[in-house]
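Accompanying notes for the structure given below.
The chains carry the letters A, B, C and D, assigned in the order they are written, with residues numbered from 1 in each.
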Amino acid sequence: MIRGLTRAGLGTIESYEQLISGAAQYGFKSVDLDPVDFIRQYGQEKATQLLKSNNVIIGSFDLEVDWRSSEERFREGLKALVESAEAAASLGCYKCCTYILPSTDEEAAPFMAVATRRLRLCADILGAYGIRLGLEFVGSWHLRTHWANPFLWKMEDTLDWIETIGARNVGLLVDSYHWHTNGLAVDDLLKLKPEHIVHVHINDAKDGPIEKLLDGDRLYPGEGVIDLHGFLKGLQIAGYAGVVAQEVLTPSTSASVEELLVRSKAGFDKAFANL
Amino acid sequence: MIRGLTRAGLGTIESYEQLISGAAQYGFKSVDLDPVDFIRQYGQEKATQLLKSNNVIIGSFDLEVDWRSSEERFREGLKALVESAEAAASLGCYKCCTYILPSTDEEAAPFMAVATRRLRLCADILGAYGIRLGLEFVGSWHLRTHWANPFLWKMEDTLDWIETIGARNVGLLVDSYHWHTNGLAVDDLLKLKPEHIVHVHINDAKDGPIEKLLDGDRLYPGEGVIDLHGFLKGLQIAGYAGVVAQEVLTPSTSASVEELLVRSKAGFDKAFANL
Amino acid sequence: MIRGLTRAGLGTIESYEQLISGAAQYGFKSVDLDPVDFIRQYGQEKATQLLKSNNVIIGSFDLEVDWRSSEERFREGLKALVESAEAAASLGCYKCCTYILPSTDEEAAPFMAVATRRLRLCADILGAYGIRLGLEFVGSWHLRTHWANPFLWKMEDTLDWIETIGARNVGLLVDSYHWHTNGLAVDDLLKLKPEHIVHVHINDAKDGPIEKLLDGDRLYPGEGVIDLHGFLKGLQIAGYAGVVAQEVLTPSTSASVEELLVRSKAGFDKAFANL
Amino acid sequence: MIRGLTRAGLGTIESYEQLISGAAQYGFKSVDLDPVDFIRQYGQEKATQLLKSNNVIIGSFDLEVDWRSSEERFREGLKALVESAEAAASLGCYKCCTYILPSTDEEAAPFMAVATRRLRLCADILGAYGIRLGLEFVGSWHLRTHWANPFLWKMEDTLDWIETIGARNVGLLVDSYHWHTNGLAVDDLLKLKPEHIVHVHINDAKDGPIEKLLDGDRLYPGEGVIDLHGFLKGLQIAGYAGVVAQEVLTPSTSASVEELLVRSKAGFDKAFANL
């Protein structure tokens, strides 16, 4: 598995250059970023060069299409989706991810119907570029009732949904926080097949009942109670060999990027030990 | 459009022969029945002959697959589905229908995901025989809260779902009672395209607020308040030329089949006048 | 059915304005054009106004995506496809068409596999905008052997392919020339269902064996041997009520646009008489 | 990877019992057989017991549906397909395979269109039982021209076709003979992903130009020129951990089952050494 970073948990990153070189300096081999914006700022050649010279790849990019509201909004994102796919592929990135909010103000069943169709189209467009789509189930309990109607938060239900979406290039984004808040065990990861896992997020949780954990109050890997070593081991046995990207959603901090990179590295060293 | 009957509203029909000849006698050109059971009882040749000699076709047959509970139960119905499709096609019937309960004890969104996949497979199996699948939206208000979670009851949501199911041979079963209880108008039918309408049910409703109408307390066509002429006119303009089958779900009656056929004919004469 | 024009057969049209006002002047209610280029030249508002003031709609636009060569070329067209779909929908046009060359230098079976996947994606993208995709089978005999391997030219095979592509919004573009060169009769059109017909082209053929007719040597409607009245009658009975667009592929002419519009109108008057 | 047998290459096997116990005796852990026939002969309980007591699983069963000729023939196989799927799943077998003849008397492109639709439906039915479908590309040169029109024989084209079929549960059956006759190398196997490989056949080829090798004239593993160790190593690196089943299509032999099992074991010992 490949150690990776997202911006979440690194404080105020000033530039893609800082992100990439910082990652490289602390032993990370991957960063998640917006490929279109990256190329816009640096140009294709310099962007490619920046990755190459730092021996860093792009792990995944976000699905920016709004598949959660109206058809109009959804359609408006399609052109940008094609652009993102082109840009990502041009930089060697073949993973795109989106998250599933566990509740919704829409009526649940009709929304599931339209969401299925929209994500299928996104997957098919991405598929034309060889890009896979990862769906992140979100376990945080407070979000299950944050909007009017329950939607979906279980790993098993997400796998079932993926079967319904039906496209060959769709799988899970498995995030350690949502694995934890869903009360899942290492054994649950062993049921996954390689094609089920598109991308992985890693971060840690405070002690206490999982019902109380807040989505935006996560800890750095190794600083909480999640069995991250077991988590990674399970994914490895299930056949995953891709990027594991840190994503620490947390209240803002006064710590420097440098300090946060040090903490991130320490957490990864611990979680990745003896894998 | 073709006048048709189902058993619902005809009292105690003793045999397929009675159903078919009774239909013919009162000017109906179609009956809905179970093609496998029909052939089992009469044999292929006699069954065919019975339809032909009475100049009656089979309008539609019910999707017997249980797509609403477990995967096991769903799978158990697949062999029978193939048999039904074979039998129906052998008798010249190319329509199969199922209804959508407006609420469910399952979690709505995950259930929508699996239901989509199951109905897609049913549609694809039926499609191999040239058979279309009609989905009946059910408007009755008391059923919207009969089970724990709201599912789907609007015509527009059903059309949206059909787009998601995606198979070319799926459309609506439009029932006048559910059109009425959804508060729809003739104009709403004009938005439909020919391929949207697989089958049509006709029956009437008691006077009073639509919120109070019970699903099992329907009236014979022409004996209630639904604008059935407008209903049929709208479907006709939308390009529908198929079977309109009476389906009067009602508490049991002491009236004879004969009497009920007379009432049915009277209702159709009224609704079909000047179409 | 709605009388329509394409540029083919009108000589040197100088502008969209000339095309649209010329169409209107001679009783045509539709023109086929490139919606992106049209908006680029006139702006959204003026383009809309030009159509509206002439009481003319856009019948269909061409699928510009190259689905016949490499994956790279295919992908390059996707962004433009989204733009075209947006532009077309903004002008009220919901039909897009492409033609199928009856032979190919690719290996036939593998090419069919990739073409199916590519057209499915195009259809799904168009579908997000409510746009249907019409596939034009091309009957001209000399083109069946023009490239190394036979591909597909029969209406029935195209319908079969459409079932395989599977998207609900795909149908035929029926061109009178290809109907004629395939040796089809009016009865063959009666087998079509409304959803099978996305768009119609009309033009005429010289006398003589259909094996000898050249694709680029067509005649104006009414000036050749095709039973265009029967052709239109068949489509009408099959439930088609959309645009019938003239497309006269022919060696260049010295005749003025005016003269050619007069001839076009005369041909349509004849073919549309008593429909 | 799991050592497996098919009947091909074992001479005259008298019973399933002989097949299964013979396999077990010579260190094979899997046999390919017809689950419906097996249960018909032994009953569900005894069949299950026979596998269990010998510690043998069923590797794969053949797709008996005729997807290569008419729609009628295709449909006739669907009921049996459901039965096979049920029977296989009840015995713990979740793989079904079919082979692709490299040429066809049908017109290549239209046949590809219908074959795609048919295999999609088979895959979807199998998918309801959790069963994957493996497509075997057939490289033998003489078969590429045996029927009138070339169809498909390359691994890459088969993968492309699988993308078009689109179902998540479809992959390759990789047979060492067809890998060899396609002139493929170990590197070509490394491009495969775990989900691409459903099943594996192993057998060997005579020396000489691959253009001359006959499909029915294969050798036992280790008795010919194919680098079977490299073949297996490549599949292993690509993530395959399933059954490798011997399938020696060869002119009939006078050798005893016993002798042939000994030769089979010897070949596997050689090919599997140091994996």
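Simple rule for what comes next: a contact is a pair of C-beta atoms (placed from the backbone, for glycine too) under 8 Å apart; a residue touches a chain by one contact, two chains touch by 3 or more.
To keep track of the chains, here are their UniProt names: A, B, C, D = Sugar phosphate isomerase.
Owing to the predicted nature of the structure, the values given are computational and were not obtained by experimental measurement.
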- request: Please identify each chain that touches chain A (Sugar phosphate isomerase) as well as chain D (Sugar phosphate isomerase).
  value: B, C
- line: Turning chain B (Sugar phosphate isomerase) onto chain D (Sugar phosphate isomerase) by a C-alpha fit takes a rotation, in degrees to the nearest 5, of 180
Message: When I count C-beta pairs in contact, which pair ends up with more: A-C or A-B?
response: A-B
CA centroid of chain A (Sugar phosphate isomerase) to CA centroid of chain B (Sugar phosphate isomerase), Å: 45
Whole-Å separation of chain centres (CA-atom averages), chain B (Sugar phosphate isomerase) against chain C (Sugar phosphate isomerase): 38
Statement: Check: chain C (Sugar phosphate isomerase) positions touching at least 2 other chains come out as 120, 127, 163, 166
Field: Interface residues, chain D (Sugar phosphate isomerase) side, partner chain C (Sugar phosphate isomerase) - complex
entry: 107-114, 116-117, 120, 149-152, 154, 157, 160-161, 163-164, 166
Field: Residue numbers on chain D (Sugar phosphate isomerase) that touch chain A (Sugar phosphate isomerase), as the complex places them
entry: 127, 163, 166-168, 193-195, 239
- prompt: Where on chain C (Sugar phosphate isomerase) does chain A (Sugar phosphate isomerase) make contact in their complex?
  reply: 71, 74-75, 78-79, 82-83, 86, 120-121, 124-125, 127-129
